[in-house]
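Common to both upcoming complexes is chain A, partnered first by chain B, then by chain C.
This part shows the complex of A and B:
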């Protein structure tokens, strides 16, 4: 396992729930993940699986209430983020943990120029003059390959295309003095595919230039395949499988991971096929999930125990773990 | 495409322009050429996939073929009859056989109507059957698309995204159509649900012999479901061919860029991938002169900057609009 000095972030046994009018939603259950320096960890899963709640619990962007942390800890560079005061968290957000969002149009402020928004980060957290801050903003625009940066920093968000806005937001995320962790929540979902390819390339290039870890949240297995070092697959609030990216695609052990891969029309097994092997049924109501495995009602491998008990971790090798009572059946096909 | 198959839809030089306010300070009106001279035939029993990025005009094309938009110019024939020549009443009779499934299963269903009312509305509009027969038909349609008919008195918000898309499909089936435009019909769905809906669309096609115009931005989805694929860029068709041909032998630089950019679902393929297209999709309001793709095209020559290339057949059933491919430079 990883050298202890290598560890940047570790979430341990996080339970996060939301109080809603119609009952408690356990959005994240007993989740543990680690991120090492310089790696890209992707959290993958479908809507409502808890991947965004997990990511937002790191820099505490989940609305609380109705959200609440029931238990667990989030250690970042040795400090438990859940025990920090509001001001301390705010300081971390601008300096060591940065975030890029799915829709840059809503994440950027429409009434300020993109340049001044980036300059703000420098002025707030690094105490530099406005001129110096703007100069640094231009440098960042160059870094994220925005053409004509001197002109573009004076543009308002609506004057930029979707791809350029996303680049501007990445630039803002890089305005930290010591970028440790970048949380990217569906960073390319709103973009066209030729633009997505450019943004993914950019993130990969930046990661090489700057020592930075990326926590990438996505529902798109294609993005996972392009970006990930390691992958955590989530389903209905639970981590169900964790492995290096190659094992996830080549030797999936959880029935849900297998089902996700089989749902992809681009899966090479479907060359010439006329039907997909779809997962039947739908995600269960998060308010009524019991203690069993949440995938039980859709799983072709389910046995009696699955409805009663969530499985414990099965360690297959140092990188690969699965939470499934019947993973051996998946292996046999 | 086999010549024996009959044409359901013939589109000739179809244009759809929108007049919009320009973004500048002077408030002048400008033309957005969403569909700019598209000709195509849709043959009986085929699934014609339409793929392209946002703003390429693929949805406008689908909607104009359905006459949900009025055309600016050109012609749409449905079984040889001019769709736009008819007055609205006669048009209504023709559209019995043409239906549409929309992208967003949230906004395309009236939230204040019960599911039975939504699915049965086409029957009401066209006055088909007695009220009792309509109830039976709705139950049968729900069953057909995999919805429990017991839920017929529920409202759309009580269903998941995938179930709502099934409601939209049931509504499209109500009148026994033969031609269905699917406009990003699976784009808003999670991948596991998307797979279910794709299978459903294929099951229905097999059972009833539907013809689909399947519009999507997701190349993998189109590649899977379509039998023939056309690629659009800024209002025009840049390449069209049978699926196998297009997937194996795409020649237009934009089609190549699309295939390159599409993330492979194989992590080992990411090493050494080449990206050939940089830059943004230009605005359709003021597209580049000549070939609209030339500012992003690595092969562009002078002629590309001056003249728009015609869509020309380069091998039987395979056409591309590119001077370089046509070897005419």
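This part shows the complex of A and C:
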């Protein structure tokens, strides 16, 4: 596997749950992921499967309470983030771990110009003068390819288009002195397809220019194909398959991954799917999931053991692992 | 080529929020009238020594209760022969001060209480808001009377009392809008960029909650003027010979039948000042609330 020095972030056996009025929700269960330097890892899964909770537990943006970490560790550059004091976490946010959000409409403060919001980041973390901060903000606007940056810098968020706003968000996330990890929580979901492609290209370019890793959260397999080096597929808080991006598309091993791919339009190639196939049923209630495989009730390959225990990891090769009792049946089709 | 020309040309500058507000304000007749009245009173307050024809405290016993427009007394003189016009002009100074200071006190505490209880929530929020509810359960006049009788009757104490008695209202307005704003992604985004609690509360969220607060404060100035006039009328605010409008009414009410102007003119002054702030505040509310803007 990866060289130890190469490792930027490793989440080990993370268990995260929320205490709600109607019981405990285990939002993330036994999740382990690693991100190497310069790598893009995508977390894929449907709404409510724990993608965002995982991402937010890295820079501790989950509301706690009601959320709590039951066990596990999050090592970032060798330090366990879960053991840091509040002040240390605040220092880390925006300097080494930055984040871009799904909704560029609401993720910028409406009462300040975008330029002053970016300049603020420079001023809080790097002690530069206001003029210098504004100059750097303009440079960042150039970096994220916003036209006429000198003028746009003085615009309020509502005066910019959605794509432009998302670029401004990215610029803001890049305003860190030593960008290490950028968490992108569905950065293109709110944008239309052409803008989506532009933003993804931009992220790929930036990744090459600046040495940073991206944790990309998405439910769009098209975005995965465009961006990912490796893919982690999540279902109901569990990791069900992990592989490099080619293996996920070429030979998916988990029935859920297969279902996701089959529900993409015009992909006749996968296991003889001819028309759009939906995964039947819905995600189970997160409070009632027992020890079995959470996908059991929707799985066409399910056998008796699936309801009883969650499968252990099956390592197919050094990049590809799957958590399924019946993955061999999936292979056969 | 043409397109680049268009792009390079400096476009019309985007209006700042202040310019935008002014643009809409100009079209709102009520607000403009209110603003006019307020401006007149503020100018009167600032330039009182230059505008007042006489010393507002100087008594001229021979000229007692001079009717309006006689002997150089434009608004007549009162029962001690003091020039009514000068007293009214100086009264504006006192009323404006009361309005601004007491609203300032309410705002200061109201914002701190409202922002923190909405932001932190939980037990702290519940305790603070129940205390606020208790304060709201008292009629404000009772509350101010209690505070004034503890501190002693004076103009300063009246301001403090009025300021404190109005804190609950500002706390609630601020809390409500912070509750709505704090769930927005930009707060989370700001947090993800390393902002601490203080920064999040007062530099990120609060500026987004200013519109309803400004409206409340504008309406509050008018109300504070009215309240202080009431307190002075009851003898709990300004003390004689201060030319305070409420006090002027109180000390001359027995002359209503034979020298109506001594009682009526301060009343009209109060009316106009309060009306000005209310018109302006209502106009601002229409403008700052996009739902009511057409």
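Observations
Here is the rule we go by: the second predicted complex is superposed on the first by the 324 of 333 C-alpha atoms of A that agree within 3 Å, B and C clash if a C-alpha of one lies under 4 Å from a C-alpha of the other, contacts with A are read in each partner's own complex, and residues count from 1 in each chain.
Assume contacts are C-beta pairs under 8 Å (C-beta built on N, C-alpha and C of every residue); 3 or more make two chains touch, one makes a residue touch a chain.
In this text the structure is predicted, and so the values were computed from the model without any measurement.
After superposition onto chain A, the partners chain B and chain C occupy separate space and fit alongside each other. Shared-chain residue A:90: touches chain C; no touch with chain B. In the superposition on chain A, A:262 contacts chain B only, with no contact to chain C.
If you stand at the C-alpha centre of chain A, chain B and chain C are 80 degrees apart, rounded to the nearest 10. Looking at the superposition, the partner that touches the larger set of chain A residues, chain B or chain C, turns out to be B.
In the superposed model, A:172 makes contact with chain C only, not with chain B.
By the touch criterion defined above, A:46 lies against chain B but remains apart from chain C after alignment on the C-alpha atoms of chain A. In the superposition on chain A, A:189 makes contact with neither chain B nor chain C. Touch criterion met: A:106 reaches chain C, while chain B stays clear of it.
Between chain B and chain C in the chain A overlay, the least Cα distance found is 5 Å.
Only residues 7, 10-11, 14, 17, 184-186, 188-196, 199, 204, 207-208, 210 of chain C touch chain A when the two sit together in their complex.
Residues of chain A touching chain C in their complex: 59, 61, 90-95, 97-99, 101-103, 106-112, 121, 124-125, 147-148, 151, 154-156, 159, 169, 172-173, 175, 183.
Taken in their complex, chain A has these residues touching chain B: 46-47, 161, 163-164, 192-198, 200-201, 219-226, 228, 245-246, 249, 259-268, 270, 274-280, 282-283.
Taken together, the chain B residues at the contact with chain A in this complex read 53-54, 160-163, 190-196, 198-199, 202, 217, 219-221, 223-225, 257-258, 260-270, 275, 277-278, 280-281.
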